[in-house]
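Naming follows writing order (A, B and C), and every chain is counted from residue 1.
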Amino acid sequence: MSAVDLLIVGAGPAGMAAAVVARRHGLDVLVVDDQPAPGGQIWRSVETVAASPRGARLGDSYLAGASRAAAFRSGGAAYEPGAQLWQIEPGFRAFVTSGDKARTVSARAVILATGAQERPVPFPGWTLPGVLTVGAGQILLKTADQVPEKPVWIAGSGPLPLLYMTQLLAAGGKVAGFLDTTPPGRLGAALRHLPAALGKAGDLWKGVAWTLALKRAGVKTVKHVAEIEARGEGRLQSLRYRRQGGAWQETPAEVLLVHEGLVPSIHAPLALDCKVEWRHDQRCYAPVLDGWGESSQPGLFVAGDGAGIAGAIAAEHRGTLAGLAVAARLGKVSAAMAEAEAAPARKVLERELAFRPFLDALYEPRPQVFAPPDETVVCRCEEVTAGTLRARAAVGRPGTNQVKAFTRAGMGPCQGRQCGYTVMHILGSAQNRPPEALGFYRIRPPLKPVTLGELAALEQPDNAA
Amino acid sequence: MFRKLHDPGPSAVTVLIDGKAVSAEAGENLAALLLRQPEGWNRTSTVSQSPRAPYCMMGVCFECLAEVDGVGSVQTCLTTVRDGMRVSRQLGRRMLSA
Amino acid sequence: MTPVSAQGFDVAVIGGGLHGLTAALSLARAGRSVVILERNWIGRHASSATAAGVRTLGRDLAEVPISLEAMEMWHHIASIVGDDCGFHAHGQFKVAEFDSHMPALQEREVTMRKLGYGHEEMIDAAELRRLIPSLSPHCVGALIARNDGAADPHRTIAAFRGACERAGVTIVEGCGVGAVERQGDDWLLGCGVRSFRAPAVVNAAGAWAGRVAALFGESIELGVRASMMMATERLAPFLAPVVSVVGRALSFKQSDQGTLVIGGGLQGAADIDRQRSTVNFVELAKGARASSDLFPIVQGVRIARCWTGIEAQTRDHIPVIGASPQTPGLFHSFGYSGHGFQLVPVLGEIMRDLVVDQKTTRSIAAFAPARLMQGRHAA
């Protein structure tokens, strides 16, 4: 078993920043990440793409990742790409698999910088090949310079669809239409948060600029779309949509990309028994953290969007704070020095966080995201429909874990990452309880599906020290 | 259902998908390659045997599973192509072989 | 605080696991009004964490008579609880990997035959390979029980719960008994602001049964287990029976869904106060090793989830079943030590005998609570 001062899980903005600051203070740092290169999702493949002509089309925020990756590379942290963390035991003993070999690493502190995932958006037909997330579409563009063959349909709400469409058009792709699922009245609701958001007027302007560019490019936009259905035999062939109470429209489609915001990746904190809280503003759970990012488990920190969705800049600064806190905890820097060094990061973080209420109110998900029709597959792995879940919800007042046991929803390889929130909402609505009264699934290790052979290789002779 | 905007040129490698030789760019993502194939799917689901394709591209959804060089249920979105890599689409529940 | 009015029943069952459910079911069918008081929800701990093996093979000799009776009941379980509980009788196998493991198995077979039991049978390597082609060829033989098998724990819980409800049992979930008081011939059980009254109480509280006994002033020595389990991704069917092996902690089977369900008693850590248990992967690696040694084809199979279930374990690894020798109206059914699932149906009958008739013809003397009791009243 190898031993380090600090184990960082994830090499995105938060993980890289944490590693840089922790190294600067002399900590022995290991960073594991399941991607082949640093950058996380926001800066996927930035090391290779930034220097190519493709880099410019992806925009300045993307290009900014190149200098971060360079600083991370030269910072001196041990870095293991293509590695999956699948369990952390108290103390800490972490289990990591890379190249089909599992091993354990001991660490005095851990920073989870595992980021976010797109909020699952179940609707009839969302399991058909040809339906992907907007984030997936953007990753394909960044990493493989790859676009939908035919004009693509985009459905959803939030900044990402606007950004992706802008990037896609710049790259020479085509948009068949944008089904904007932002419900009517959201802008009005968001406006009261506008003054606080003005600290980031640049980002506000970016959103306006994207919208204008799409308009100029003649992208067909349908506003206030409430319901979507993907149809086809074995693959997406057509798309149906309608506004609240409106008539269904049907159109041929080969690729549909959907997006309804991001949620923190909470499986590791949940598996580690960290306290989490329901964030009504973002309709998700987030770990309960102190000002440095330390969770309810001493020595275990969460940084980046895993701490609550706030974007790449906030993620970096949260990473810096967590790295500093670990350095202070392990005696590499005095508390006073750490506090002083933290001050600029806190200031930026405050500004970034002040912007969120505006965005969260503007892009609050439409209610249909949480109440798919009965025929919708909710658990993609075990293929459990909303109707099955509703039928179960009516027998007694079962909780999330009981329904999991009886329907197998959440028991597949994704461990409920695609169905957890939907199941909470379906049960809550059937039982007239708020979703947070139901709670998320209890998360069983391993966090990633390690093989029996890999685990077997960790067997130790009985009398080993 | 997807296409690549540039030609990999001399850096191309060959990957066998269900025995069919397919050209890919060195260092690219396997799920991206699968999404460029006319079949458009990489596995059938374990309950209803319905076709599935990469969905999230970031290791979360486990839809992109395939057999890679004899190893089953590999997340292809976390896999980089290699020259000579053998990929098989995975049909329903995995069949074990000695 | 004594609440104004306590709901009255003939029998109160503390603990809504399978042993509480089966006792409640038989008692209700005998005409008793029954309430189950469950602190969390029905089947929360060991009952849903179990591998649900239905095994007579290799039982402690004291358990054999009731285990065989339970086995007969499993073979027509649908007529008892209205669902087959996913039970399949594909046999249980205790495999010998080496010649040196054979004598112990052979000796067991002889012992059982001498006692008049024919359900455990030795088979040789050729027969073993015929019955389980996927097993590693290094295995040399096995002791098997052909009528044994396994069930689906969640279906079993649902079936027993449904049968209880149809039989008129009142099930109260989220109701942990925190106080006990004698009132005339009744026990008054306090659960927060609620209270329940009954002359007879069944203690089926599993790992927490010692604490329940303590509420009645009894001191029963009881340990805790946190047996670890693994379930894999779904696979095409390749294995029907349940396989264990001499000298290693392993129980290995394939469920109806195709997942491998692997247990065998490797221990994680239990925190009985917080009702939480945790997996120890370095320990669990032994189970993964045993699995891939016995079934080399599973090496590349992915583990989807691991868990532990908290349950009671007695010093002698056999349960505590019987009327309390100290406390009138208190009946114990706990301490199944990792192998209580198969006994569930017959325990309903036994608890009914004890509560209704104050005696049973079934052989339960070895399970007498007195053997683990301390204090001045101990027998």
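A few notes on this one:
Simple rule for what comes next: contacts are C-beta pairs under 8 Å (C-beta built on N, C-alpha and C of every residue); 3 or more make two chains touch, one makes a residue touch a chain.
Note that the coordinates shown come from a computational prediction; the quantities given were computed from them, not determined experimentally.
The chain with its Cα centroid farthest from the Cα centroid of chain B is C.
The highest number of C-beta contact pairs joins the chains A-B. Centre-to-centre separation between chain B and chain C, using Cα means, comes to 44 Å. The distance from the centre of chain A to the centre of chain B, each centre being the mean of the chain's C-alpha atoms, comes to 23 Å.
Centre-to-centre separation between chain A and chain C, using Cα means, comes to 41 Å.
In chain A, the residues that touch at least two other chains are 412-413, 449.
Counting partner chains per residue, chain C has residues 233, 298, 300-302 touching two or more of them. Those residues of chain B in touch with two or more other chains are numbered 46, 71, 73.
Contact residues on chain C toward chain B in their complex (touch as defined above): 134, 233-236, 238, 258, 296-298, 300-302. Interface residues of chain A facing chain C in the complex, by the touch rule stated above, are 87, 89, 95, 104, 273, 396, 398-399, 402, 405-406, 408, 411-413, 415, 444-446, 449-453, 455-460. Contact residues of chain B toward chain A in the complex are 1-6, 25, 27-29, 32-33, 35-36, 40-41, 45-48, 50-63, 65, 71, 73, 78, 80. Here chain B touches chain C in the complex through residues 46, 70-73, 92-98, going by the rule given at the top. Partner chain B is touched in their complex by these residues of chain A: 34-36, 41, 48, 54, 82, 84, 100, 117-118, 127-133, 135-136, 139-140, 143-150, 171-172, 234-235, 254-255, 265, 380-383, 412-414, 417-418, 449.
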